[in-house]
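Got a structure for you, written out below as structure tokens; questions coming shortly.
Chain nomenclature is as follows: A, B, C and D, assigned in order of appearance, with residue numbering initiated at 1 for each chain independently.
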Amino acid sequence: MKHADKENITSRTAILTIHFPDRKGIVSAVTRFLFENDGNILYLDQHVDNTEKVFFMRIEWDLEGFRLPEEEISDHFNVIALNFNMNWRMFFSWETPKMAIFVSKLSHCLDDILARYNSGEWNVHIPVIISNHNELKSTAEKFNINFYCFPKDKENKKLQEKAEIGILVKSGIDFIVLARYMQILSSEFVKRYENRIINIHHSFLPAFPGAKPYHSAYERGVKVIGATSHYVTEELDAGPIIEQDVSKITHRDSVQDMIRKGRDMEKILLSRAIHAHLNRKIMVYKNKTIVFS
Amino acid sequence: MKHADKENITSRTAILTIHFPDRKGIVSAVTRFLFENDGNILYLDQHVDNTEKVFFMRIEWDLEGFRLPEEEISDHFNVIALNFNMNWRMFFSWETPKMAIFVSKLSHCLDDILARYNSGEWNVHIPVIISNHNELKSTAEKFNINFYCFPKDKENKKLQEKAEIGILVKSGIDFIVLARYMQILSSEFVKRYENRIINIHHSFLPAFPGAKPYHSAYERGVKVIGATSHYVTEELDAGPIIEQDVSKITHRDSVQDMIRKGRDMEKILLSRAIHAHLNRKIMVYKNKTIVFS
Amino acid sequence: MKHADKENITSRTAILTIHFPDRKGIVSAVTRFLFENDGNILYLDQHVDNTEKVFFMRIEWDLEGFRLPEEEISDHFNVIALNFNMNWRMFFSWETPKMAIFVSKLSHCLDDILARYNSGEWNVHIPVIISNHNELKSTAEKFNINFYCFPKDKENKKLQEKAEIGILVKSGIDFIVLARYMQILSSEFVKRYENRIINIHHSFLPAFPGAKPYHSAYERGVKVIGATSHYVTEELDAGPIIEQDVSKITHRDSVQDMIRKGRDMEKILLSRAIHAHLNRKIMVYKNKTIVFS
Amino acid sequence: MKHADKENITSRTAILTIHFPDRKGIVSAVTRFLFENDGNILYLDQHVDNTEKVFFMRIEWDLEGFRLPEEEISDHFNVIALNFNMNWRMFFSWETPKMAIFVSKLSHCLDDILARYNSGEWNVHIPVIISNHNELKSTAEKFNINFYCFPKDKENKKLQEKAEIGILVKSGIDFIVLARYMQILSSEFVKRYENRIINIHHSFLPAFPGAKPYHSAYERGVKVIGATSHYVTEELDAGPIIEQDVSKITHRDSVQDMIRKGRDMEKILLSRAIHAHLNRKIMVYKNKTIVFS
């Protein structure tokens, strides 16, 4: 199995994401930091939120020829950061995040993720798949990924989550993908992985939250159906939205047709969100996302 | 001013829209009626709603060479219709519907409608524009359309509606378009023009009904904004949906950007709904629409 | 492995596709045929091509309660067909078509097809995958599908095709899917499977036919990229188009980004074309398609 | 008539667009220039073209509280620019560009532009409309804009262009919009207004350049139609693309339907291109555009 494609790993790069409340001089300070160390900027994205008065920035630069040794970059940057009260994170292209997948019975999102994983499209490692059912065990086995089944009911939910977290921790999981996982996670679970659980909901939120959105869409007679990938928060289907898309439908589409057409959107949108997350393109601020292109 | 373009009026055609609860033999009976009278079918659309067990049909045929005199077609068809308990309507291409427009202060939908009207794109007559403000009076005058201003508040609403209905009746209005009209019509008004009042709402319903949907969309951090054209019913923003469309946005879009991008969708979707209504392409059944292509 | 999902096979249905040059009375004759035999119409789609003066029809009806025995339906219908000089085909829902897949090295389309196959989304059987490379052999093995490798060069192309056809014939293949197969098939091959070879091209044809369309798109500076599924004809990338879609891009998208975004469109559009083909929703006439919804 | 809306003119801002071949230190120098003069950045967009090794930047800042007097900003910035061999332009929000419109007989694009103009949506002045026909004279008169008619044939084309240029120069025209103008401009004309003539072509270029693209699209049987706004260059329909969009069609759409649906796309895309041009969001480099969001 190949775990990263040429897009991601041929060059050694550093990625810096920053947001800060007051901006006078900071952009200048950050770019000067790179300039003075001969940093070759590959991508530079930023966003000024004029309502919140916050500045967001993502810089990626080539480490080839960069004057600072890789292990010292963070420390050097921290001096500037402290000056300006920045909120920042640094990533390096050779770090491979570990992702866990939660599924129930529906296979389309899992299949799409594993096909990309297997082809080396993403720089990610997937050590574990967790489910409340056994149906997709054989899929996990096809790709040699550990599969754990934790059936849940009201009684055992807390205990099962404990066991799940045990596995996540032991596997060194960085973030979690709910690939049509049909269980609501507890507040404790969600808090532990804040902005690190990606869900796909099968409607254009905030319309049709909760169960059976395609049935509700059919009932209402809408002419578009949609899907939404978002980070999970304690409130159901109310977390920061990452991506949304819609598909036009007509009076000829039955609920079954909507479900079929919806599946294609769901898997693509979920995988796009994973791609953006893996490439450190998403910043979360006050229940909204900045998703750099 | 030209009131119909070549698409609609060069040929004399008849349009029949039907829906009926039980279908055995009816399609056959209808097509035989045309066949036996040498009707040349130009468009034949239908839809089987397998959930409701209802059959919908729209047939348009050329009257050139049709054996029945135009004024007798309805009577002849009625014989078949009575046999099968059909719900049907017959239209002729030379009938020009009369449409009233209601506006407030925003001009973009009105401008789009009047530009199409002036260019002869539609087979329609617009004798009257009604508003609760005076801002768009000069636009009406540019196109020589009567403009009436009925300012509304809680006190005078009933009385003003009465005056409006007086004008609508006197002008022989067939249907009404609310082109970003910022007033809620009374139940009595709505009932009088059932399935004959087209509204444009500036969100993808059922998300963000009511006032200020772009502000709500911004607040929620959605990644698509939308618009919905629909028939007005007593319940606000809950009537049968005719068309919907969305536009992708990003974190860079302010509320002002959304409003600007939204305007383009709103005017196009409203005009498309008018086009479909004028061409008798919309059938309403149980708060949903069938919109033939 | 499950080979058909509930959508397709719970009910026993018959599907009739017809096109005919002159229409007076035919629609009536066809629907009367169903009516007199108590046929319960599930879907009825048709299209009048007023330019070509051809009528296209697709009817699907429930065989439950249909008066004619299944094995006699075709013979009975043929009597009507001969009367009107119809061009017709009859299909039954329990017939499972056999599909072969041709691939080269890129896996995304194959992965998408096999995931749907494995989940039972389609009523299809896939006995064989053919490639000019060995890279995707392990994928075929994961799904227990026979994999044959026929490397091709100018010298051996004719011979290799002969061998391929031998396998297709032996396996009883009904239609072929080129899932990013990077070889041009000979005229003889194409003719043998007329309107039965589905290809995916990675541009919105007729723009950028041939090799490396994303590079050409980048070079030209377009703001949308697209993909096209179509039947293969002797002329390269010029066959009847089944589906097309596009994705917006910006100046920020490199060729690599286009390739990545394009993959998602390609696999979805190819699978949609297969779905339409399997459900007998596509009719081809004079290098164009009618694709019923 | 109002000539600018609140979006554009409530605040006094400066806009700087720059591109430069070598980037080390330049971003830092530019942002420091703003920082040291207390410039409050409102928008900061940039793009690194890693293929061409060119850096593009657009900065907009509030002049309220900026330390340099408005009339001296350019001179001060020029000192930095010379240091780095930048290619730059400076604009101020209170400068109102002058735009000329060229039309033939079709009104939809002109109507859309004038409606926006009349509502004050854009910060622009339109002193003149030029046509090779007289059909749209009355539209120009409705909005009190000077209308000049220069009918063209092979013989008189050069002379007529001379007269047109005379008017453009006399009116102080900054840029030209071809709103479905059905004449090809000479090389001399195009060169004089390089990257300042915006055209709308009714296909997704590079497919279907030249005349009658909807007829060609119908002939080819495509499933999407499109439109393209672009700057005009000497080679027909080959200039830098600004915006493109498509609309899905089916076998049911006649050429007339395509023309009707296409009109909506054409006018919206042309107006979006004008909006981007007016807001200095477009930079042209080697026959491609950077269009900042």
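One rule holds in what follows: contacts are C-beta pairs under 8 Å (C-beta built on N, C-alpha and C of every residue); 3 or more make two chains touch, one makes a residue touch a chain.
Quick caveat: nothing in here was measured; it's all calculated off a predicted structure.
Select, from B-C and C-D, the pair of chains that is joined by more C-beta pairs in contact.
C-D
Looking at C-alpha means, what's the farthest chain from chain B?
A
Just how far, in Å, is the C-alpha centre of chain C from the one of chain B?
The separation of the two C-alpha centroids amounts to 37 Å.
Can you give the whole-Å distance between the Cα centres of chain C and chain D?
The computed centroid separation for chain C versus chain D comes out at 42 Å.
Considering chain B alone, which of its residues make contact with at least two other chains?
50, 248, 250, 252, 293
Which chain A residues qualify as touching chain D in the complex?
Chain A reaches chain D through residues 23-25, 27-28, 31-32, 34-35, 38, 40-44, 46, 48, 50, 248.
Note which residues of chain B are touching chain D in the complex, please.
So the residues of chain B in touch with chain D come to 7, 107-108, 111-112, 115, 118-119, 121, 142, 250, 252, 256, 260, 264, 268, 271-272, 293.
Which part of chain C faces chain D closely enough to touch in the complex?
47, 49-51, 204-208, 220-224, 226, 228, 240-246, 248, 250-252, 254, 287-291, 293
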